[in-house]
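Structures follow.
Below are two complexes that have subunit A in common, paired first with subunit B and then with subunit C.
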Partner chain A sequence: MFKLSDMSYKNQRILIILLFSLVPIVLLFTFAYLPVIKMFQYSFTNWNGLSKTMEYVGFDNYKTIFTKPEYFAVFKVSLYYFFATFVQMGLALYFATILSFNVRMKNLFKGILFFPTLLNGVAIGFIFLFFFKPDGTLDTILQMIGLESLQQKWLLNPKLINISLAGASLWRYMGMNFIIFLGAISSIGKDIYEASDIDGANRWHQFRHIILPSIRRILQLNLILAVSGAIGVFEIPYVMTGGSNGSGTFVIQTVDLAFKYSKLGLASAMAVVLLGIVLIVTVLQRVLIKEEA
Partner chain B sequence: MNKSKTAMGLMTLTLMASLFAGCSSNNNANNEPAATTGNAGTSTEATTAPTDAAKDIKGDITVITQRTDIVDTVFKDYAAKFNEKYPDVKVNFEALATYEDQIKIRMSTKDYGDVLLLPTSVAIKDLPDFFEPLGKISDLEQQYTGLEERTVDGISYGIPITVNFSGVIYNKQVFKDAGITEVPRTIDQFMAALQSIKDKTKAVPLYTNYAAGWTLTQWEADLATVAGDRDYVNIGQVASDDNFVKGQPHYDLYKVLFDAAQKGLIEEDPTTTDWESSKADLANGKIGTMMLGSWAIGQIKGLATNPDDIGFMPFPTNASKILVPLSDDYNLGVSIHSKNKEAARAWVDWFINESGYPTTEGGGMSPVKGAELPEILKQFDGTDVTFDTLAPAKAGEEGWVDAIDKEAEIGLWQPDFKKVIIEAAIGNRKESYDDIMRDLNDKWKAARAKITAQ
Partner chain C sequence: MHNVKYTAASVFKYLTLILGALAALVPIVVVLFASLKTNTEYASTGPLTLPENWLNFSNYTKAFVDGKMLLGFKNTLIILVISIVGATLTGSMMAYILSRFKFRGSALLMGAFLVATLIPGVTTQVATFQIINSLELFNTRWAPILMYLGTDIIAVYIFMQFLDSISESLDESAMLDGASYWTIYWRIILPLLKPAIVTVIIVKGVNIYNDFYTPFLYMPKSDLQVISTALFKFKGPYGSQWEVICAAIMIAIIPTLVIFTSLQKYIYNGFSQGSVK
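Now for the complex of A and B:
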């Protein structure tokens, strides 16, 4: 009979390592790699998402995407989210720095700032829909503080809609950035602050010369995440406006193609293109940042 | 050393055991419905000897429905009544909130119930891969109307759960307050009526329900009325390269929407409309008109303080004859993977013919031939308004409208270009109405060339 103890210690170790890694690898393969492989496969077909038959059409789908400018025009919308990213990181860094010093009711504020991250994206969409409504929350607040003149139709005005949506997105994701920054800042030793205090540094000096250099890596990481996030914006505009009135993004367009027009092949090709763009942007950022450092 | 080895061995074993346990328990869960279905079929054999064919039918069936609101109430009663006739069939229900999206994903497996609604997004030609044939259309036609829409090569795969008619639902009190004495018939009269609602009352003349999106697709159902021709939708449209050109039905149909939006005859901020509250607003005179189907009438009347205020009129048209198109709601069919096809078929027939659903809960007309017109349509008896189904596509051209539409990414039954029209009308876009129509026509032309060439 097979007994584990008959095997050499080395072989036992190998066996156990293999067995233990089997679970995560199977999960990873089934839910991450297999869908991606399938996506690549579909992108070369004209599958409608349900039919039993699919025809291979070669690079036709890719040709369609790269020859029709309207598929890429939507990336303009991503720019709004891209710029919102910087505001978002700035605010997150600002709050993280303040709350890493001794402040009254520190934990309460931490909780308040992190709270939106815990909410479901769809719920946030509905909350902000109400927020931006005529006579909704935002207009009411403006009226309360005597700024009636600023009241707008936030989602109707094509110049404002993307700014409004990017604002909602900012609110949603700032908590995550904030908590990462806070973690990074807390890892800086207390003695360094003490030493700088003795040297007569004020808060700004401490931020400029101690905090910022120490969390540089995390700052870069957050930036990469934020930029790829900006390229792949989806849930907030999808829930709030369904991509209408000029708020459509690349991912919304992909979803529409797949499920409204049953062009799953073309949509898969678009997803592959998006994946490519995110990869390129990430690599580019890493290269540029490395050179600088 | 030895001890730790055994410990390790144990751990490995537990790990493996738990792995398999996990798998097998999952399998059980998946197989359970199928297994019980089989059992139920055999275990009831010993019961009283069957006297007629109905009693021979046995088994468990799962009926999937989109009516989350009444699945636990009305449908339970249906099942009880059904069992009086078919005592050995056990009916289970499953309601899906976003029916179309969810059922489509489930249909990529074999487990999508026994009786279900045919998703409209499934290409017509693919229906035989998923649904059991219900019979030849030439036979079934004797009994039901509206079968053409889900028929492939002369074989029907579904029977409509109700037949809808589409047009304008309006509030009679608002019309009275605005001084409109006669129901508008032509497009010009209709626009004038909207204008006087705006001038004389506080109500929103025409509520678009832009934000909900799908509500805008209801306009497309009125195409046949504007064309005044039952052949137009499935035959005329497919034969024409100029589907969106000035003077064509599509152009006139959406011009109403564009003009209303441009003249400020719609809600103040379309981007934040709310479907649920719009029903109550129409019911209580805050809204004059909405373009919807008959299925909405019951829901709106239910919210009205005076249900008699809610009226239905045909979409305005310049055509000589007023045609109100009758069209299928969802069609009911039997899954090809069903284990109790006889019982499933029995449910389909019973549901359409005897449950009363088509007129009561469905709110439209029964697809059964010779069924009576609903109350709200009695007013049109003896007028020049006719109700008729759309002519089916020519043989060999079935599903072309849909195929061209998808290929062109126009979205006749999607909200997208309707939203663009509203956005352009209120000045959010630079395109004029003619630009939008030209663009749609170009797409149509290119896609039509491609589809008809196949």
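Now for the complex of A and C:
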């Protein structure tokens, strides 16, 4: 019988390197690189995804995206999510900071604040449909605290819809930022706080001069990731509104174009634009963070 | 004076914490309330009203049976187990050769994985769809399984980080005993990677359980529905029966809640390790 240990270590090494990397390499190529190549190729065609032939149309698809307002509008929707990320990170940072110090029932609060992040995206979509619907949770709470005048059609009013949806998204992802900040803050040595206590520093000084500088890199990383996050929004608006009333995001539009309207070429061009933005942001992030370090 | 300021700050601190906790919990708790109400009770009471009978599980039965949630759980479990076992094996194998052997092309390989992380999955779905289609995997469980396996670099990172802390003298002494590289990987490295494996299982498990995009796009067939897509189906026919939808939401959430409360410590670690770039 063939036994691996009968081979010389040199040959074993070659064999094991080949065997162990074969599956990952095949998967990597098939599902990471090949799609990118194909996507570029499709983006210059008018392919509908079904027909045997595709016609090359040059930069027509790109022209359509950048000149027709209905395609470009999705970027405006991203702005709502982008701004929500700032609020989200502010809250996450606040809670992470106070829960890094002595607080009663610390672990309970940590658990509760983090829990939403673990939930199923579809479930969250439904939870917030229930939350925002007429006479739903939000309206009832407003009534309870005497603010009936603020009751709204949260998901039907085109002016409010994206704010409502971005709010749901904030609720979903705040815990993620929170836990990352918490980890970063907990890696700061206790002695630094003690030393600053002796120097008479208060909590604000400690936050400003100890915590903030030590988590600066993580903060920057998160801020820049917020851009790609804001463009990649899909589940919450898709489950809640299907992209109606001006709540369609970049990804919803790409999916609709490709699979509902069979405009695969155009959808690919949108995806290329999206990929371009994300890559620029990522490169920017690497450069900025490298300069810091 | 000093004391007064301290108390005011502390009141503010607890007030914000309670508000934060309420904001996190209320949207879920009202769903729980609604899920336990009868149809007429639901129609006549507000979302914040407590259910009359805390043991009225009829909506749950209805959601579970009509929504074929059992099928959803079964499919989710199959995909979850195969993907996680596969990702753990391929990820740790990759990490093993990358961290233990210096060979020509190892830097290139690492670079190829790194660059792939820069490509956001959502951007390439249209083209990926065509690939899945041409492999005749559309509407099979293999479509999501291969995708969960194929793009995972986080696992390789976590494993490599861990492998660095496992002394190479361990490998060397096993080699003196004549162990093959396979034996070293299978008998020594893999068991020692257990904490990293737990981390990978948690991070991947949460992602797979909660993913909607992939199964929705690649397995529309109703026999193959997972929890996410099963839940999404309530949107149409049950549009007005919120008490049933709410029960379905709770059914999807309960496993997360149970696992979270029992594995809290590992989950925190898993997420802070998994997210470090």
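Simple rule for what comes next: the second predicted complex is superposed on the first by the 256 of 293 C-alpha atoms of A that agree within 3 Å, B and C clash if a C-alpha of one lies under 4 Å from a C-alpha of the other, contacts with A are read in each partner's own complex, and residues count from 1 in each chain.
Following the convention adopted for this analysis, a contact is a pair of C-beta atoms (placed from the backbone, for glycine too) under 8 Å apart; a residue touches a chain by one contact, two chains touch by 3 or more.
Predicted, not measured: the structure shown is a model, and the values here were computed from it.
Chemist: Looking at A:111, would you say it contacts subunit B, subunit C, both, or neither? Reply first, second, both or neither.
Modeler: second
Chemist: A:198 contacts which: subunit B (first), subunit C (second), both, neither?
Modeler: The answer is neither, since A:198 touches no partner chain.
Chemist: Per the contact definition in the header, classify A:16: touching subunit B only (first), subunit C only (second), both, or neither.
Modeler: In the superposition, A:16 contacts both subunit B and subunit C.
Chemist: Of the two partner chains, subunit B (first) and subunit C (second), which one does A:31 touch, if any: first, second, both, or neither?
Modeler: Second partner only.
Chemist: Which chain, subunit B or subunit C, is in touch with more residues of subunit A?
Modeler: Touched residues of subunit A are more numerous for C.
Chemist: Please indicate which partner A:51 is in contact with in the superposed arrangement: first for subunit B, second for subunit C, both, or neither.
Modeler: In the superposition, A:51 touches subunit B alone.
Chemist: Is A:145 in contact with subunit B, with subunit C, with both, or with neither (first, second, both, neither)?
Modeler: In the superposition, A:145 contacts neither subunit B nor subunit C.
Chemist: Would you please give the residues of subunit A that touch subunit B in one complex and also touch subunit C in the other complex?
Modeler: The overlap between the subunit B and subunit C interfaces on subunit A comprises residues 3-5, 9, 12, 16, 20, 23, 49, 136, 259.
Chemist: Flag every residue of subunit A that touches subunit C in the complex, lowest number first.
Modeler: So the residues of subunit A in touch with subunit C come to 3-5, 7, 9, 12-13, 16-17, 20-21, 23-25, 27-28, 30-39, 42, 49, 91, 94-95, 98-99, 103-104, 107, 109-116, 118-123, 126-128, 130-131, 135-137, 140-141, 144, 171, 175-176, 179-180, 182-183, 203, 221, 228, 232, 234-235, 239, 251, 254-255, 258-259, 264, 267-268, 271-272, 274-275, 278-279, 282.
Chemist: Which residues of subunit B touch subunit A once you look at their complex with the stated criterion?
Modeler: Going by the criterion above, the answer is residues 2, 5-6, 8-9, 11-12, 15-16, 19, 101, 104, 107-108, 121-123, 126, 129, 210-211, 213, 268-272, 406, 409, 411, 414-416, 419, 423, 426, 428-429.
Chemist: Would you pull the subunit A residues touching subunit B in the complex into a rising list?
Modeler: Its residues touching subunit B are 3-5, 9, 12, 15-16, 19-20, 22-23, 48-52, 129, 132-134, 136, 153, 155-158, 161, 241-242, 244-246, 256-257, 259-263.
Chemist: In the complex, go through subunit C and note every residue touching subunit A.
Modeler: Result: residues 9, 13-14, 16-17, 20-21, 23-28, 30-31, 34, 46-48, 90-91, 93-94, 96-97, 101, 103, 109, 112-113, 116, 118-120, 122-131, 146-147, 149-151, 156, 175, 178-183, 185, 206, 209-213, 217, 227-229, 231-232, 234-235, 242, 245-246, 248-249, 252-253, 256-257, 260-261, 264, 267-268, 271-272, 275, 277 of subunit C touch subunit A.
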